[in-house]
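Same chain, two partners: subunit A is paired with subunit B first, then with subunit C.
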Partner chain A sequence: MLNFIIRRLGIAIPTLLILVVFSFSLMHLAPGGPFTSERPLPPQVLANIEAKYGLDQPVYVQMGNYIWGIVTEFDFGPSFRFKDRTVNDVIAQGFPVTLTYGFWSFVVAVSVGVSLGAAAAIYHNSWLDYLAVGISIGAQVLPNFVMAPILVLTFTLWLGLLPGGGWNGGQWQYLVLPVIALSTSYMASIARITRSSMLEVLNSNFIRTAKAKGLSNKRIIVKHALKPTMLPVISYLGPAFVGMITGSVVIDMYFSTGGIGQMFVNSALSRDYSVMMGITILMGSLVIIFNMIVDILYAWIDPKIRL
Partner chain B sequence: MSMVPNTDRIKEMADNLASMEPIKGRSLWQDAMLRFLQNKAAVTSVVVLALVVLFSFVGPYFAVWSNEEIDWSRIGKAAELGAPSIANGHFFGIDNLGRDLYSRVIQGTQVSLMVGLIGAGIAVIVGTLYGATAGYFGGRIDSVMMRIVDILMSIPYMFVLILLLVVFGRSLQMLFVGIGLISWLDMSRIVRGQTLSIKNKEFVEAAVATGVPSFTIIVRHIVPNLMGVVVVYATLLVPGMIITESFISFLGLGVQEPNTSWGALISEGAGTIAYGTIWQLLVPLFFFVITLFSFFFIGDGLRDALDPKDR
Partner chain C sequence: MKFSPILRTSALALGVASLALMGTSAYAAKVPAGTVLAEDQTFTYRDLDEFSSLDPQIIEDVSGSDIARDLFEGLLNQDADGNLVPGVAERWEASDDKMTYTFYLRDNAKWSNGDPVTAGDFVYAWRRAADPETASPYSWYMDLMSIENVADVLSGDKEPTALGVRAVDDLTLEVKLTTPLSYFPQMVTHTTTFPTHQATIEKYGDEWTKPENIVSNGAYTLAEHVPNERSVRVRNPLYWNDAETVIEKTTALIINDDDAALTRYLAGELDRTEIPAGQYPRLKEEYPDQAVSFPRLCSYYYTFNLSDSGPEAFKDVRVRQALSYAIDRSVITDNVLQGGQFPAFTFTPGATAGFEVPDVPFGQMTQAERDAKAVELLAEAGYGPDNPLKFDMIYNTSEGHKQIATVMSQMWKQKLGVEATLGNMEWKVFLETRSQQDFELARGAWCGDYNEASTFLDLVTTDSGYNDGKYSNSEIDALMEDAKTGGDATANYTKVEQIMADEMPIIPIYHYTRVMMMDPNLLGSWPVNNVEQNWYSRDLYRVAE
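Now for the complex of A and B:
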């Protein structure tokens, strides 16, 4: 097990490095530095500013400093657009919001998806099964940027039940629509995967043996069928997490929740490279670490994987 | 009862046999085709998709307003005067800038379909060659090549894609490059898996024994045998590419005005639902949804038709 974790770290760390180097070099290739404006600055002033931000040093030194700053002090440097803010300020402001509704979306997607899928498999070919299959087919064509306006149209404009945007400190009314919009398509995928996996498990020999022993249905499902059913579901958690992290950009933009995705798009539109890079690296690291945890969890449940 | 057979009958049978057509064998693809045609959802989807494509080519000939014309008499009054109407030539209504939604939707359809097809095309070519090479050579080459894919896959590419678009300017070409960079990863994995099972077959051994160079073996003997998987996966990739492009355009970082795409149109419509111009959301959404549905059903149908496991 320890060996596996070490090997998995051996993938995660180079991936992180590649991500940092890639985004850093991209930023350097960008036409126009952060201080080129319509009115050219006097060369002396420009040189002073560049010296202040360390831009007069060779690229590899800058990159080294940048990585060193992140690793030792969790410091992503100053914002290039707003002189009074650092990237850390931006992250500190937006990240809790994204984390809150992201967490709830993940919980909803997994719990509802697994229950729906399992129920569909247990009551195979019943109305519940057809409902689950219908939802999972329909949700394929309803990604978050389609769900969001449809939800607002229904629940805000027609029914007038829920606010169509804003955050208000994370009150539950403001959470409902973002969570549904973000979680639906992943909930549907998880339901589909759980259903087909459970159907396969329920038809396998060891379940037949359990039935022959005279175990109750409930015991068979909880004790024997659930664990092998979860394997493909767990391997989907990684992609689902990535999808939700990316989807949060749309949720933030459409519902104006003030999360990190909104910061990202705004910085993209105003070419605030350092903020973009900071957010990319932060989200990338989250994804990479999460994928690693999922892999380790998978290996823990299914020892065959460790070989 | 005589033991002598009825010679007339025998002769008749012989004549019958002689006049019979030789039985034709059905190729793998004909077989698959037959199975596909029995799948009603898939066949309907082909028709729907054909209609959408036809609409994007023939539609402009019926347009009263071009996509660049502004209807000055209705500008700024989309909610009151802009609803879809046959009488004034705005079949799908207008937006608040007085632009005709019918022409805009046609333009968006063309762009979105093109992005989908080109993205999937790059994935097919690069992914197939990459995956087949890795799978065929195996060993260290395989593990290095696949490790690269692993690493690229675990990066949240949407952020990197947006970074690329911001740095190199938001153009359609850049969008293609960006989507092309990531679209082939899944394909290469699937193709590699298939190649591993094909490469030990006798016909590959025969090719090796007769001294065919590796690259030729891959292109001439391995890749044609992968086509089933590739076709199925490519059909499922097209909607994925369309969703990716729409996602970026929804954020306002994709195609730029006056160009448009489904994502950009949905985004515009989604931003104006509060003003009562609901057609601005529903029309592009309708085309988006039916096209995606069609691709998914066709992909499922093809998988059922071509997947050897289900036979």
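Now for the complex of A and C:
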């Protein structure tokens, strides 16, 4: 097991480095720069600004300095757009927001999705099954950019129960709508995967054996069926979790939560090189780490993987 | 930069060393007698995007400027109609030759930490704005102000201390210019010229604008700033005119989505928001006391590439005229935009101070006459069914621009048989492409930096850095130069617009309006007549229901 983890870590670091080099080059290849504007700056002013941010140096020198700054001081540089903030400030402000609503969305998606899927499988072909399948298909076809306005119209404008956006330090009232909007389609996928996986498990031989031994239904499901059912679900959960905690542009845009998803898009549009790289590295690391965690979980559940 | 038409003309009319005396009673929230004020004096509005900075010398966006006008106060302010009123300066004098301006500061202006605001604070701020070390994206503004030695300071050839501004004593600021600018006082209402507190900046560096560090001299102080979410400013009890301030707290919320903002406005979370394109007529009918539309100093146009890399066809003035004539602008303003925008036949908007929209011939025709003329002109230029005119037109990615481009290309196709291919580009790519003359026909939009026609017409001069079509006409260059150095500006601007109507280097489409929803209890104090939309929270008040 330890070997397995070390091997995975050994791959992670070069992967991250390739990601940095690749994104850095691509970013500088894109036309326009952080100081391209509708009102082009006089050459002298532009030169002053570029010198201040080191943009007057060749790209490979900039890249070298950038990586060196990260490795030695964990310094991701100043934001090109927000003059009083560093990239570390930008991430420290936006990431906790995203992490909060992402985490709750994950909790909701998993708990509702797994229960719904399991119930549907256990009561296969009953009204409960049809209802669960209906809900999950409905939730799947409603993208969050449609969900979000509907939720706000209903809960904010008509019922007046919840605020239509903002964050306010993450008070629960401000969390409800973003969490529903973000978790719904994940919840639907989880429900469908759980249902089909459980159906397969429930029809397998070892469950029939357990039934033949006279074990109670509850015991069969909790003790024997749940663990193998979770295998395909877990492989979906890793990327889904990263997807949720690295933020959603739609959620940030629509609910003005101030999370990192939107900062990422904005930094790309405004060519805020340093913020864009900072978030790329953050998201890249998270994807790598969570894929690794999923692999480890997998290996723990299914010994065949460890071989 | 903000020019007041009225002061400018009166200063010109006097034509002598003008001693502008405005008395000490200053403008603030002028609540008419008998008005019952609401208990709750707060104002919450929506901003589209997070501002890039709150440092007056660095601010480059409208949302940041709006906040800075509350947090800081410059030498002079604007009133609800855009006229100059005293700020930190109570009055000013210009020398006979308009090359030296002296500002006399009030003795009761204070920083939020209790320090007095002195002429030295302005000297520090202005040097800082021009200093290459500061690397301000707005340092060009100091150049525009024509302060002595500014070009050498910007280029690093002279120390910032060489800048032609000095504190004669604590309450007297003297500025030396290199060209006689009669509208110089209007320029000091701009945020770049606001004073900043040296000790605070030296102590905290780039982080001095954070709420816990900032020291400011305006009617409000920064209480809270959550980037990308909200910023809150509250009344500053040390402000010299706090007694006449009414609004207690102003909150700016960042909401990127127009529709989300409108829903939140309707749910009562906001007091002001923009109306999404096309929704004005419906909202006006439903909420006649809340939906408003008023002119802005902005123009929407398409520019021909007239440089060597541009298509041969556009070098023929008849082609340019035909394309411009065939656009039925009223369809775009009345059916697409529907927000009270004005069809444009000139580049400069009619709302610009001191600018009379000239009766350019093609603006006087009916659309049917224009269409007939367009067909005729294009045929003369040698294009017709056998030899259709083809070109590419580009715009930056946006649903609104796409709609307008589609309507334009349809009009050309139906009326003239012209085949225009539409292309959209991401904003920065678009800017780069346009500035490198790598296009045939490109969208453009321009908002005045100050309320005077030259802020638009300078764009078509040969040397303008913003002239992406590379149009060049020596007569226009001469007229614009003459307007700056004492000629009859108004007559010159009219002449320039007439030349442009003949030569058609650009296709003017429409002049913008500001279309917004605003709480009717606050709307009464909103400066709808200030075309630059420079507003100050201290001038607003909320009346009781």
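Note that in this section the second predicted complex is superposed on the first by the 262 of 307 C-alpha atoms of A that agree within 3 Å, B and C clash if a C-alpha of one lies under 4 Å from a C-alpha of the other, contacts with A are read in each partner's own complex, and residues count from 1 in each chain.
In this text, contacts are C-beta pairs under 8 Å (C-beta built on N, C-alpha and C of every residue); 3 or more make two chains touch, one makes a residue touch a chain.
All values reported here derive from a predicted model rather than from experimental measurement.
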First, second, both or neither for A:Leu199, with subunit B first and subunit C second: neither
Touched partner set for A:Leu226, first subunit B, second subunit C, both or neither: neither
Subunit B versus subunit C as contact partner of A:Gly160, first or second or both or neither: second
Subunit B versus subunit C as contact partner of A:Arg85, first or second or both or neither: second
Partner chain(s) touched by A:Lys52 [first = subunit B, second = subunit C, both, neither]: second
First, second, both or neither for A:Met27, with subunit B first and subunit C second: first
Touched partner set for A:Met263, first subunit B, second subunit C, both or neither: second
Which of subunit B and subunit C A:Arg271 touches, first, second, both or neither: both
Touching partner for A:Ile18 - first (subunit B), second (subunit C), both, neither: first
Contact residues of subunit A, present in both the subunit B and the subunit C interface: 30-31, 148-149, 152-153, 157, 164, 253-254, 269, 271
Subunit A-touching residues of subunit C, taken from the complex the two chains share: 49-50, 52-55, 58, 60, 132-133, 135-137, 139-140, 143, 154-156, 206-210, 226-230, 253-257, 259-260, 263-264, 266-267, 269, 426-429, 431-433, 435, 445, 465-466
Subunit A to subunit C touching residues, read off their complex: 30-33, 35-42, 44-45, 48-49, 51-52, 78, 81-85, 90, 93-94, 148-149, 152-153, 156-157, 160, 163-167, 252-258, 262-263, 266, 269-271
Footprint of subunit A on subunit B - complex, ascending: 147, 150-151, 154-156, 158-160, 162-168, 239, 243, 246-247, 250-253, 263, 266-267, 269-270, 273-274, 278, 281, 285, 288-289, 292-293, 296
Touch list for subunit A against partner subunit B, complex: 11-12, 14-15, 18-19, 22-23, 26-27, 29-31, 137, 140-143, 145-146, 148-150, 152-153, 157, 164, 242, 245-246, 249-250, 253-254, 264-265, 268-269, 271, 273, 276-277, 279-280, 283-284, 287-288, 291
